[in-house]
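Just below sit the structures, each encoded as structure tokens.
Two complexes are shown next, each including chain A; its partner changes from chain B in the first to chain C in the second.
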Partner chain A sequence: MSTYWRTFKTAAWLGWEMDSNWTEPWLFVLYSVIKPVAGAFILVLMYIVFVAIGRPQGDPDAFSYMYVGNSFFIFVASVLFGTFQVIQSDREWYQTIRYVYISPISYYVYILGRAASKIAVSVFAVAITLVFGVMFLGVRLHLALTDVPLFLVSTALGLSVLLAIGICLGGISFLTAKHTHGLAEGIPGLFYVFCGVLFPLSVLPNWGQAVGRAIPLTYWFDITRRLLTEGSTVNTTLGGYDAPTILLFLVVSSVGFFGLSVLIYKIGEYFARKAGKIDMTTSY
Partner chain B sequence: MSVATDRRTDLKYRVGLNLRAVVGRSYPRIVGANREPSWIFFEAFLPLLGIAAYVFIYQFFGLQATAAILGNPPMCGDHVCASVAEQNQYLAAVNANTNALIASVVLGGTMVAFWLNVLWSMASQLYWEKEIGNLQLYMMAPMNRMALLGGMAVGGMVMTSMRAVSTLVAGIFVFGVIFQVANPLLLLAVFFATLIALYGLGMMFASLYLLWGREAWNLSALMEEPIFFSSGFYFPLGGLFRIPGWGPAVAIAGSFIPASIGLDALRQLTLGSTAFGGSLWIFNVTTELEILVGMAVLFLILARYCLAYLETLAKREGKLTSRHQ
Partner chain C sequence: MSYAVETRDLTRVFSGKKKRWWRRKPTPDEEESLGPVTALDGVSLQIREGELFGLLGPNGAGKTTLIKILATLLLPTSGQALVAGHDVTKDPFPIRQRINMVSGGETSGYGLLTARENIWMFSQFYGVPSKVSKARIDELMHIFGLWDKRDAKVRMLSTGQRQKMNMIRGFVTGPDILFLDEPTLGLDVNAARVIREYVMNWVRGQAGKTVLLTSHYMAEADQMCDRIAIIDKGRILACDTPANLKRMIRTETTFQLEVDTIRDTTSFMGLQGVKNFSHKDDISKNRSHLTFILEDEGPVAEILSSITSQGAKVHSLQKSEPTLEDVFISMVGRGLD
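Moving on to the complex of A and B:
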């Protein structure tokens, strides 16, 4: 166990250094903030344009729904990317995977550690985006003190699911070419569409709603919104589930996805070793 | 003058050499990438989902606006509808605007593909080549460096067209977007002028990224969402002018990326200049085409000078082959 912890700590430190040591801390903070805030502003402008030409009286509930979903989506994008890119960056970019891989550590734990720094930065980015929304864009947020433990537990579970999904993708990327950007854009895109991040599931066709209900992140976004934007009039189609039920979904899916991630990782690793692809480079 | 020197200064020989370099550098992108079938799934299909999300947002807004118009009391804009005719008129306007906004997203999604290719496969490429040890080989080769960048650009355009076309096809057949192209030649002219200007910018960045070293990767990452926002990839750029104060400043800054002006022109040409009540366009199409041609020429010239300067600087400081800096 202590080896796992030591691996995790060292990998987290390494990840942090790799992310941040290319520049001054203030510039790093600036980079970390501008990207998510600009992402939020795309939605703000989409809303403004629609209000200007479609619905002059506005729709604050829809805006808050979208804004909170988008803010928490920062976790999805950065945690997924932070996890599955480890294999590809070590393999293709730094070409150090062979040395790390043959060292007496768990490479699975090493990937989790490398992702930890991304989580730390994204916590900061989410907080900044939410505060910005409340202060300058009129986003209506309210978190009751009694709901804080539930909020923290659901966030931890949501992040666990994300890490597990990231490891699944990492397992697959053992076998694929340099597709980091396609994956970085595409997989979060899948969740962007089907998990009710920016719009309620009711907008999707029936098959799309069914897909959304099968992804645990949908419930994470829903419970987060319930806790932060109480009293919203947007129909999420998940109103039939109470908070403990949703939390139970998250616990079960965290455990399930953890098992799945180990399985996919092992399979990917096995076939990569068999095909001699562990340290391949696919530069073109 | 020796035979070899004479041959090297021969114009026909030099043109042929540089054309072969263009073909040679574009070849691995076009052929090499297609040897990896998984590329189609990762680079063409998956990114469509992100575009779909933006489409659904506008559909969500459209549904909310329709519900308000059909609600009790029925709201037409900021007042209660005076008659059924007014209510129908507002419903028709919401439907038309929603379709036009979805079409804007589809066109923006097409351009996103090219912009990401410019960032990650043009701008970052020389830095990447340095990291993996190819740069010194390029520098030793006898062709013009611009031919190398040109080959990267041609290969990148062809490779990215797959994704761009799939976005367009999905827009038309999955999301039911209707484009009305009245002037296809002008549309093609705007499209190619935009691409040349974009890749010219990418060629310029390629040299600058050599100078910026490791900051380059982060810079590329930084130029995604902020550029999507300031250049109006997912909404008509004129929307920014609706925001008093900082809105126009951001729009003007974003207009230095050719995609913003190009998109504005493409949207006018495919949706009609009367879409959105004609209130969200920057300039007319002809003016925008002129600006794009000017940008294309400017960026290509700047790319030429930046490349020459950076090559000299890198050689002088001995950094041409140093990795991870």
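Moving on to the complex of A and C:
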């Protein structure tokens, strides 16, 4: 256990240094505030376009729906790209992977540790985005005190699922060259479409809804919105289930995804070691 | 006898580029170069605990492949490799607790961290207490001449400085078995000398420390290693002490002397053990250059005595022995480069 904790702690420290140590501390703080705020303005622009196309009178519920979804999507993009990039960057840029890999650690835990700093940075970005939305854009948020434990549990589960998916991508990236970083951008793109981030599942065709329901992130986004934007009129197709049931879906799918992530990671690692790809540099 | 490293009939074949329908048909020449490559071909070695063992061979001989397998980075195609008694394929974790590896000519490191932070971070992966690690890092930075750069970001370090940093990374974790892959490649003469001396002292000054060193610098391997295996095209051609390897091709010993000009040289040929003798006078310097071919070193004392009895002074005495390069050439039929 101490090996796992030590690995996680050191990897998280390394991740944090790499995420935050590229500039002066004041500039990093400024960047951390401006980046999510700039992202919020993009959302406003998207909303204006939607309103212009469909509902000239506007729809505050729809805006809150897409705003909250996009805020929490910051986690998805950041954690998935972060975990996928651990292997690629250690292998191709820093060329340290062989030394990390042969050290007496769990490389799996190492990836989780590196991802932890991404989560920390993302928590800040998500919070800034939400606060900015409430203060300046009229986003309607309300989190009842009694719902806080449920919110924390669902957020933890959602992040766990993200890490699991990230580890899967890590296992795949053991076998791929660095130009495949598009994978780490394409997968979140699929989640953006099918998990009810920007628009509810109800606007998708039946097969699209089925895909969405098979991905645990859909339940995470749904329960998060239920807790933060109570009383929304947006039809998510999951309205028939109460919050504990949605949470149960999230738990079950999270456990499944974690098992799958270990399996895919182990397979990827085995074949990479067999093919001599652990420390390959492709230099494209 | 406990071995730090043992390989039995170890083979590693890298599969060639697979034929795909979308790739154009390769020419016969290309076909050959795209085919499978046998990097290791039935390598059997035993490296004893406490040994500084050298693996000498040209580029592409299979040295790095062998080290990668032993360091648990790569799986063998067939055969068995044991490190510290554990199988590299089935049981890599206990091996990793006892090894480390440094590759020369590499510029690896996290550019945003300082040299010290980089090394410290790796020491944490090995469970070295932070205080102990920092003390070791400081000591090693002084030894390797990196102290002035301890707080410099890695991206600001020169190639040589990064290499020194990586050497420190290898030692700071206190491994029992250290794999050094061309550790002095690209280093200046002084830095290479410091590293060679440190490695030799590290192995010989502590019980149970083992180093497997690959090099294509003959003199380096000769100077440092207790035993050397000569490898070419994935096969071990010979494995012995440097002296024994050289003895394999040595049939006679050559001595060269520079002395004051001497007149009587006839007595030398009568000495027992002198197989041949030649001399050349340098009148301008009033010196004679003598070359003796001897069966062994036995007659040297008598030769010196004969020279000094004529009132001549010996200015230099040099024994010419076969080098490892000669051994390599005699076995492989070509030099290392």
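We take it that the second predicted complex is superposed on the first by the 274 of 284 C-alpha atoms of A that agree within 3 Å, B and C clash if a C-alpha of one lies under 4 Å from a C-alpha of the other, contacts with A are read in each partner's own complex, and residues count from 1 in each chain.
In the analysis below, a residue touches a chain if its C-beta (ideal position, glycine included) is under 8 Å from a C-beta of that chain, and two chains touch if they have at least 3 such contacts.
Values in this document were obtained by computation on a predicted structure and should not be read as measured data.
Participant: Taking the superposition as given, does A:Ala38 touch the first partner, chain B, the second, chain C, both, or neither?
Facilitator: In the superposition, A:Ala38 touches chain B alone.
Participant: Counting only touches as set out at the top, which of chain B and chain C does A:His142 meet: first, second, both, neither?
Facilitator: neither
Participant: After the superposition on A, what does A:Tyr192 contact: first (chain B), second (chain C), both or neither?
Facilitator: Only chain B is touched by A:Tyr192; chain C is not.
Participant: Determine, under the contact definition given at the top, whether A:Ser103 touches first (chain B), second (chain C), both, or neither.
Facilitator: The answer is second: A:Ser103 touches chain C but not chain B.
Participant: Based on the superposed arrangement, let me know which partner A:Lys266 touches: chain B (first), chain C (second), both, or neither?
Facilitator: A:Lys266 sits against neither chain B nor chain C.
Participant: After lining up the shared chain so the two structures overlap, which partner does A:Met46 touch, if you call chain B first and chain C second: first, second, both or neither?
Facilitator: First partner only, chain B.
Participant: Could you tell me if A:Trp22 is touching chain B, chain C, both of them or neither one (first, second, both, neither)?
Facilitator: both
Participant: Going by the contact rule stated at the top, is it chain B or chain C that touches a larger number of residues on chain A?
Facilitator: Answer, by number of touched residues of chain A: B.
Participant: Based on the A-chain superposition described above, do chain B and chain C contact any of the same residues on chain A, and if so which?
Facilitator: In chain A, positions 22, 94 sit in both the chain B and chain C interfaces.
Participant: Which residues of chain B touch chain A once you look at their complex with the stated criterion?
Facilitator: It is residues 28-29, 32-33, 36, 38-39, 41-43, 45-54, 56-65, 68, 75, 77-78, 93-94, 97-98, 101, 116, 120, 128, 131-132, 134, 213-215, 218, 221-222, 224-226, 228-230, 232-236, 239-240, 242-243, 276-277, 279-280, 324 of chain B that touch chain A.
Participant: Quick one: which bits of chain C touch chain A in the complex? Just the residue numbers, please.
Facilitator: Going through chain C, the ones touching chain A are 14-15, 68, 71-75, 93, 96-97, 99-101, 103, 106-113, 117, 121-122, 124-127, 169, 173.
Participant: Given the complex with chain B, which residues does chain A contribute to the contact?
Facilitator: Going through chain A, the ones touching chain B are 22-23, 31, 34-36, 38-39, 41-43, 45-50, 52-57, 59, 62, 66, 93-94, 176-177, 179, 181-183, 185-190, 192-193, 197-200, 203-204, 281-284.
Participant: What residues on chain A touch chain C, complex-wise?
Facilitator: 2-3, 6-7, 9-10, 13-14, 17-18, 21-22, 94-96, 98-105, 273-276, 278-279
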